[in-house]
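One chain, subunit A, appears in both complexes that follow, with subunit B as partner in the first and subunit C in the second.
Now for the complex of A and B:
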């Protein structure tokens, strides 16, 4: 999905700061926060909504608390483990399915079904089979996050240029070399996109499982804070969940851009 | 004949897997993994006595309403942001931040504020679905050709008409793509919000049956949600092809 990032530091080496824009952004943030506060004081927002000062204080106190870091660690571990597993499984299976024509036709329906399946619906079943454990959480993450990588790997390996394929056949290039030098580079741009999307889904799934079960993590902290009516803390956790998601998405987006620069150049 | 072999190629593996599941689980004594025949039997029973139909209608209407709200808000905001560059630049980092919040983390807060009823489910779906639609609409409106823009300016077309007849149709393919991205997210949030706390709906059916140890019901509910999700996503892409037939035919992509 193409997004509009129009920050001025796009491709130049040194980020040049647009001070007018930054100033306007800060003003906007202040206005939003003031509106929140006024809406709260005038009774437009529900009474339980915490004020801006409370939330800001919570954000700073939460960072100093051990259980926040422990919860964050649990979420990070499960999301990371599930994501890495998804990438490994998705790439291997995807390249296999994408290059072996009969396999491609046979597996098409299963892949289509799997990617459209709202995996979180299986959570209660997984709870029964595996219990409220970290393994269950990682399994759920893999079940949710493997599909983008798989689908993109299949698409990527299908895209092999027929000319290159025949050249490789004619020159009898060994299988291992063919895999490393022909298949992988041509599928890589697609795989990279799948890997990036699946990272966001992995975080979503890990937090989702934590919200719904007793499995410890950031999502569990949010549920607990809500049940204890500590709305300021809940919003602070939510803020960090957002920062986490945003960091992962933008880091992977940047890595993808750097890794595939050669591809972009050859495209235009 | 060729289509028949094609269908056979596509079907044999899924059918084989289901058959394997059927026979492998037939004599299952594991309490948590009931035989597939029992799961399907329970599903049939609850369909005929109306329990599942009622759950489905409440879940799906919440999903539809949430998605509708998200589409209206997302498209309206997206068109405005797409047409006013300054505003777009200013709000860009905030939109990207809010979009990055894992949608499932919002569910406890929304249910805490709006209660158990369907309002909280609708808001949760709308809040999760609005971002892809918004971002895609912005992209779509940016894609409207400069020439078209200039012509409508030269002819002094009124603002509202310009939005309705020039920018919106131009952005339509992107808007539909945004809704297609939003739909699976909406389904997931629908399920999560119902599993979190509810007294009606498919999520409630799953949750209630698992907490009362009626395991086949839990399985059948989970499978049903999966099938519904699949049917919705496939159905939407068919409708998409219908609505955007002019666009796909034009070869503009």
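Now for the complex of A and C:
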């Protein structure tokens, strides 16, 4: 019978490129750049602000410099390590908190407190305990980025259908398998949102810590460029941090669309 | 697995020693202490090896509650359920269930093959083995070659077939079914009824099916158990005597069918 394809028509292939949307985005970008340049020329921005052409030139020269890539590598490593740790910790803790009733009650306050806590305020303590090290940076990234994953995992685990629970119980699914193959996939649509938000926060936090503590990385390069009054370079670094964040977010969005095909379908 | 004790063309012989499922003075309810709400009170019944028993009762009488008790999902307030030889303490290896709402019992993130193989994986069966079992079960319910589809790519009737296949692959001695055909259209319903009769004849599974549809209860079963009242208990038991083979037209025109129908409807109207 239907052995030819398992993919329903509506979801065959990748989403086609939306040209109108792309066009609108380009227009928006151009308008912003024009406004920037205009504000600069009309004296609205301080004189030291670099113009658009300077920044563009900087972007191209910066990529040829070795220390940019080294710094970028440091930031990338800390952000990635912190983000992966955040995902692992957030998912495991979140699913446990969401399904073990006594835990749920006692953890609610801590989670509410933690997600609202300004992580940056912990930095002096972290500097004291861990020093200006990569570990300190990663720890700070985790402290900032774990919350969205944790909160979304708790919400996701509460979504588990009682019918599914009965089924798994009747068929005597062991706890470990239940966790991986029932609870986790059921919560995944929620977790995915947390994971995406957490990725942006991780990059932000890594750069932020580097700016504040002068641990090597993009953030430190930005500070150094500022001190040398190379504002064009500083902005170029910022540009790369932004582009990278955007790239990660859109990659995750794609992966999500593929992995969670069942979710969109079965919700119809 | 279990053999039917059927005499060709005759009714199933039920020897009490041979009963696979024995329910004695079972009381079920929700809540504890002062909040306790009894749904089922002092209910007793037995199901013989290879027998097909229907439980019929009006909506809301406690049919789903009864099946929860028999599948170990709900602890008895009193009385006991014995499966095979031992008292039921919780979900049991020898009891499989097909739930009322198929759309909430199949996991949408698994293909049909994975859904069927999942309980076998829980039992530690290796992948090639459990996939083979799943494909065989799919064949048995007429869905051969559809193992890579997701439940949401299938019609309601097909999804319920998958749920039946999962219960079959589990290879339990007793199959409990909770209004398995309540949410499909009439034609699909007839097809599924005949599928179950067919499977029972071929595989000799013991089936207890719960329904509010009197015709369905008589058509499928060797014995119809009527439950009613609040809290619910057994109010009538009828042997249908049709043997293992049924026909949607001929069986329903049989005078024994009409008699049973009249008797149950009168009993339920009280």
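Please note the rule applied: the second predicted complex is superposed on the first by the 227 of 268 C-alpha atoms of A that agree within 3 Å, B and C clash if a C-alpha of one lies under 4 Å from a C-alpha of the other, contacts with A are read in each partner's own complex, and residues count from 1 in each chain.
Following the convention adopted for this analysis, a residue touches a chain if its C-beta (ideal position, glycine included) is under 8 Å from a C-beta of that chain, and two chains touch if they have at least 3 such contacts.
These numbers come from a predicted model, not from an experiment.
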Which partner, subunit B or subunit C, touches more subunit A residues: B
Which superposed partner A:185 touches (first subunit B, second subunit C, both, neither): second
Partner chain(s) touched by A:21 [first = subunit B, second = subunit C, both, neither]: first
Partner chain in contact with A:167 - subunit B first, subunit C second, else both or neither: second
Partner chain(s) touched by A:116 [first = subunit B, second = subunit C, both, neither]: first
Contacts of A:134 with subunit B and subunit C, given as first, second, both or neither: neither
Which of subunit B and subunit C A:107 touches, first, second, both or neither: first
Which superposed partner A:177 touches (first subunit B, second subunit C, both, neither): second
Contacts of A:203 with subunit B and subunit C, given as first, second, both or neither: first
Shared contact residues on subunit A - subunit B and subunit C: 1-3, 6
Residues of subunit B that touch subunit A when the two form their complex: 6, 9-14, 17, 32-33, 86, 88-94, 96-98, 100-109, 111-113, 132, 135-136, 138-139, 142, 177, 181, 184, 187-188, 191-192, 195-196, 202, 206-207, 210, 215, 218-219, 221-222, 225-226, 229-230, 232-234
Complex interface listing, subunit A residues touching subunit B: 1-7, 21, 24-25, 28-29, 32, 46, 48-49, 102, 105-110, 112-113, 116-125, 127-129, 200, 203-205, 207-208, 211-212, 218-219, 222-223, 226, 229, 231, 234-235, 237-238, 241-243, 245-246, 249-250
Of subunit C, residues touching subunit A in the complex: 68, 71-73, 91, 93, 95-97, 99, 101, 103-105, 107-111, 118-119, 121-123, 144-146, 148-153, 166, 170
Complex contact set, residues of subunit A against subunit C: 1-3, 6, 8, 161-164, 166-167, 169-174, 177, 181-182, 185-186, 188, 262-263, 265-266, 268
